[in-house]
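Down below are the structures I want you to see.
Two complexes come next, and they have one chain in common, chain A, joined by chain B in the first and chain C in the second.
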Partner chain A sequence: MENEIHQVIPIQPAPYSRSRQAGEAQTVLDHIVDDFQENPAAMQYFYDLFRGVYCHGDEIPHSGKLVGTTCIQAPEELIYAFGATPVRLCNGSYHYDQRGADFMPAKSCSLVKATLGMLSSENVIPKIGKPDLVVNPSTCDQKKKSSAMIEGMGYSVYDLEFPNVKESEASRVYWRRSVREFAEQLRKLTGQRLTRAKLKAAMAMTGRAQAAFRTLHNFRRQTPSLILGKDAFLVTNAYFFDDIERWTAAVEKLNAELAERQAAGFRAVQSKAPRVVFTGSPPIFPNLKLPLLIEEAGGVVVADETCSANRMLYDMTAVDEWLVGDMVDSLADKYLKPCTCPIFTRNDDRKRRLLDLVDQFQADGVIYQAFSGCQVYEMEYRSVAEEFNKAGIPLLYIETDYSPDDQGQLSTRIEAFLESLKNRKKRHA
Partner chain B sequence: MSAKPMLQRLRDAANEVDFNRFRFWFQLVAFVLFVYGGYLAIDLGSKLPFFSCGYNQEGRAGVCYLLPLQHQLGRNWAVLFSIASLSILTGFLGFALWFIVLNKGWCGFVCPLGTLQDWISALRRRLGIRFSNYTHGQFAQLTKIKFVLLALLILIPLGVGGGFFSHDMSPPFCLICPARMILPIFTGDLSQFTIDFSSKTAVVMTALGISVTALFLVGSFVKKRFFCFFCPMSALHYLISKPALLKLKKDGSKCTRCGDCYAVCDMEIKEIADDVTTTNIMTDDCTLCLKCVASCPETGALKATFAGIPIFVSTEAGFIKRMNKGCQHGK
Partner chain C sequence: MNYFAGIDVGSTAIKVALVDEQGTLAGVHVTASGSLFHKNSTEALNTLLAKLGLQRAEVRYLIATGYGRKLFKEADDSISEITANAAGAFETGKAYGGVRTIINIGGQDSKAIRIDPTGNVENFAMNDKCAAGTGRFLDVAARNLELDLEELGDYHFRGDKAPLNINSTCTVFAESEIIGLLANGHGKSEIIAGIHYSIASRTVRLAKRVGVEDRVYFDGGPALNKGLVAAIQDELGRELLVPEYPQTTTAFGAAILARNDWLEENAG
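The block that comes next holds the complex of A and B.
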């Protein structure tokens, strides 16, 4: 016992900004900002936002109760109408993916592993604070089974019942009821009443955000492109956690700059750059691996069909009579009917949507990302590929995860694909 | 950037119009014209394809075709099956010519009884009461009723002419049509609110008429365009709608099936949102009110065409303008 060391030098906890996790975000963000030329000046807001939140661990203030959502199907207008703040919990960090792998089955998808990994850690980044309620729509199996696990981590979880079939009338009725029950749950959580004025104001707020998104989306039709896809993904990723009004103002500013670029005949890429539509598993910062590989290799992502961008913000709600009941039902329909998530039995809408995007955005090809373990995207690939074969549109299917290890081989495949698109373009010209 | 050409500006203005307001005023003018036009000696004939009710004898600016049609079909069979019945064919031709211009747009924009239901709906909305819907199953059953009524509207007069039914049953549809009782009220004529005790049949028919009118008033308060769902005129329209000039077109490739059009549809027509293959999307229940076009956020997915020329096209800009207006409205 004499040998006992009496003086223990306490280990100083390293600041977050020097952690490996911050480093991961830093590397990607530096790449996004520094390795591309002539980024729009208005993107600085988003670069700063991500640097603050992901690299320095800045806190994100919010008002009212915090409601975490694990899917785009949780109607955020309702959350806002109850004076609460929604935050999308879906996470893109490899650090959390590895953490989740400690307690999740090996074959689960990176997104679910990372989201649960994040929720299970003490210092959650982005630093949003502990959600007062986690809303988990019953979409894919992995998310469904997450409910109990998230609850086990000490969160209060609400299972938002979501149908697996969307064509039938029964599913519409079921889902509308489900959404009304969700509103009831929010009433219990916040102690507030859902009024016509509040819901209308919430819808006006998201409506303005969606209109701003659509304007940005439309600018991307321009050939050659005015803005790169990596920036567009960063913009929509910010929507996950940023204050919605600040976000909208920042996007409107970006749109104004794009309008100037358009008037000045600006080109963000070479005129021959292959135009790609991105579909499948969602790129979420810092996992912008594929979009970045595509644009490094000289391609440009002109549009996407993913739940971290287009699918989250595109579809807008129409209401006939602005009474609470009609507004809630219209919202419910908006969150179910146009959704192109592969968890549904059939997905003709997704195929039609992709074909329309390729047509409208004059895309040369489509890149389909499936996270390993995301069975529904993996299975749906076949039918999508058949459709594209028929239409004569080249499609590259990439199965990957959050790990940076496969970057080398992926970049080879992507370069080859883009090269073939270029050749094809030349032949057609 | 150069200024847009005149035609394009005109198109944009039309596509971004405050549609509900436009339609309100259009309907109001049409209502006044057809309910009070008679005082200005306006007479547009008796072949009108909507309920400009003939029983509104002083104010009407024309007569609903169903009235003369039933009278003509109710002729004695000896007359009916003679050369004199050529007038039935020419009458129908006149009706068809009127109809062809606006298609079912007569229902959504002109029919006074339709307009009246929209006003009753507006009253309900102002009271903050929500509308009711049919379930899917109810809809599928009820939608057939208008065809049954159309068949009866033709068969009963034939039966009357053939001596099978009492003359007190003629004209059968008019006797139960709510327009017969309600539209004359607007010119101060309450005489239709009576039960005719001259015969048993007359008692039954007029009592039925009063009940249907009561049902109409209650129904259209609860349900948007309650009566149009059962309207035999609407059924007749649908049967001859092929050559009509005004058409509702859908481009399924641009549709995301978001259901915004269905959400605003007074007639609860699901096909408008779910059907992505039919291009000519007007169904038998449609009133061509074009609210679906106004509430569609996908540019070019829905459009109204006149003789093949697009006159009102769904656009993203128009949608945002209209819906944001709705949002600010109650703030």
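The block that comes next holds the complex of A and C.
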């Protein structure tokens, strides 16, 4: 009798699709897909991909060793050259952000907290499998301090040393050496040798992905726009975990459709829709809060300067001599020279790039997102604002995080900003 | 006659304003928002129409603004309260030699807006997501002190002790700080003056972020509080222009924009 009372009732875990994470992803995807009209047909590949991975918990297959990266500064060409698969671990889920709050002070960056929250979870989504190695470039302080914590969760972590002054020759030498040491680490992990042919093939493969991205990027110069920014962000987010060749093929298909749209004189937005360049802390699915608020309010994001999209795919490697050592050095240069991350002491390149984007994409204004606690973006705002003030380009600064509770106020601010852009245009006309 | 309406569906109060074809204010009405935004908005509009003896059909164009602007489907258009507030303050300020800076404190947010000499929004700033330094803060404080909201202004000028420091910026924490001060035997008037200065210094910081230009216009419900006005003037080091009906500037601005839009659409 007593035994019966103390019996443990087996509790059936609810399926993943009933979890809070799945719910969060579902809400955002429904919003992206259903609340906008005439989405490109080729976007269906990406909608299905995200629905599968984030709402149903589909597993993502990979070949060779799995190398997780916490930042775009880890050269993926090298990882591919060793027959391993890179996967970007930077996470955008509010659910994981709350979970990750155990590891970091309250006012820390949502992205770092969410990444820690994801890695510490038994049920990692996206289901990439456990990385054989986590590469953590020593960029911002919060990422630096994550290394030991990630190791404490039972992962093997490699600190990829990254300089914090961009222009100096010492940094260049230091970083080149750092990348060579990373190659050595990959050799140990995979047991393979780095050859010219393999590295060349890896560079060609990422080169094709970059070319597809650049074509998409250039289609966004069109006025009125052919595609909305929310879709473009979804495309680049998919690059984090999708098979690179399948991804490239899907983007090429999308580009073909945009070419048809262009020929047919199609417009995805009203002709007066304010055109916005997005910069700052990176939007990562499901946290597409700001891009969605902008486009819901009748604006369109035409280009971005973020490490989850443009900065990840825009710059190509320029090789002088096709010898392994030189190729690795060229690769290192590609990851240092064009980088506009705010962790550097000075960042004039970022200001120049933003001004260029505004000019080339005929943007009416810029929206600058800083995650609360992302100090480098918060601090760099001042100098960016001064530059834009001088150039007479409107700039809206928004400090936010992954929580959805500030959407009411943010929508008011964004709408007011877009209204002022429209009025400005009217006056200038 | 043709009339144009602006309806400002705020977090605390619904404000309706009507203007005629010349842009002259015909009347205003203010009512509590309650929990039924849509029903109360419709009623507020109807009440004002009845008060002025007008028919709904005479309202040619209606623009909704404020927190609940999207919920009021009868509107012809909606616009953010920042643009509407700027339009209202610009129009009101004309008679006083023009306005370039606006401070607005509402029920759950506060903003500073800078406009150019033609009335267009040049820059603006808003408080972050909590209700610190907004009308809600005054509401909570009045309840702690067992006073009506309307009494706070007078208390500011009573007594002869210096205003106390209220350090907490969070409304909930400030509430316990106020209780602590009462428990230590401090008088209501110095606590109230302290509250006003705490809101004032936050608000002035916000205004400095957008850049203070020229005459400063102060509106929103809390502008009815003379003590708060005095505290902000003191912190800002400038005189404020406070309209007669500070709650309805944004609704008035929306009505002006409704009139302009209608005239533009029906030109020629």
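Methods note: the second predicted complex is superposed on the first by the 421 of 429 C-alpha atoms of A that agree within 3 Å, B and C clash if a C-alpha of one lies under 4 Å from a C-alpha of the other, contacts with A are read in each partner's own complex, and residues count from 1 in each chain.
Note that in this section a contact is a pair of C-beta atoms (placed from the backbone, for glycine too) under 8 Å apart; a residue touches a chain by one contact, two chains touch by 3 or more.
Remember, predicted model here, so these are calculated numbers, not experimental data.
By the document's definition of touching, of the two partners only chain B reaches A:R352; chain C does not. When the shared chain is aligned, chain C comes close enough to touch A:E399, but chain B does not.
Once the two complexes are overlaid on the shared chain, A:A416 sits against chain C while remaining clear of chain B. Of the two partner chains, chain C is the only one touched by A:R424; chain B is not. Contact with chain C, but none with chain B, is seen for A:G408 once the two complexes are overlaid on the shared chain. When chain B and chain C are set side by side, the one touching more residues of chain A is B. When both complexes are overlaid on chain A, the residue A:E387 reaches neither chain B nor chain C. Contacts of A:W322 after superposition: chain B is touched, whereas chain C is not reached.
Considering their complex, residues 399, 405-406, 408-409, 412-413, 415-416, 419-420, 423-424, 427 of chain A touch chain C. Interface residues of chain B facing chain A in the complex, by the touch rule stated above, are 1, 125, 128-131, 135-136, 252-264, 270, 273-274, 276, 291, 295-297, 316, 319-320, 323-324, 326-331.
Residues 67, 79-83, 109, 118, 120-122, 124, 126, 128-129 of chain C are the ones touching chain A in the complex.
Every residue of chain A that touches chain B in the complex is listed here, in rising order: 167, 169, 173, 196-197, 200-201, 203-204, 207-208, 211, 214, 218, 263, 314-323, 325-326, 329-330, 333-334, 337-338, 348-349, 352-353, 355-356, 359.
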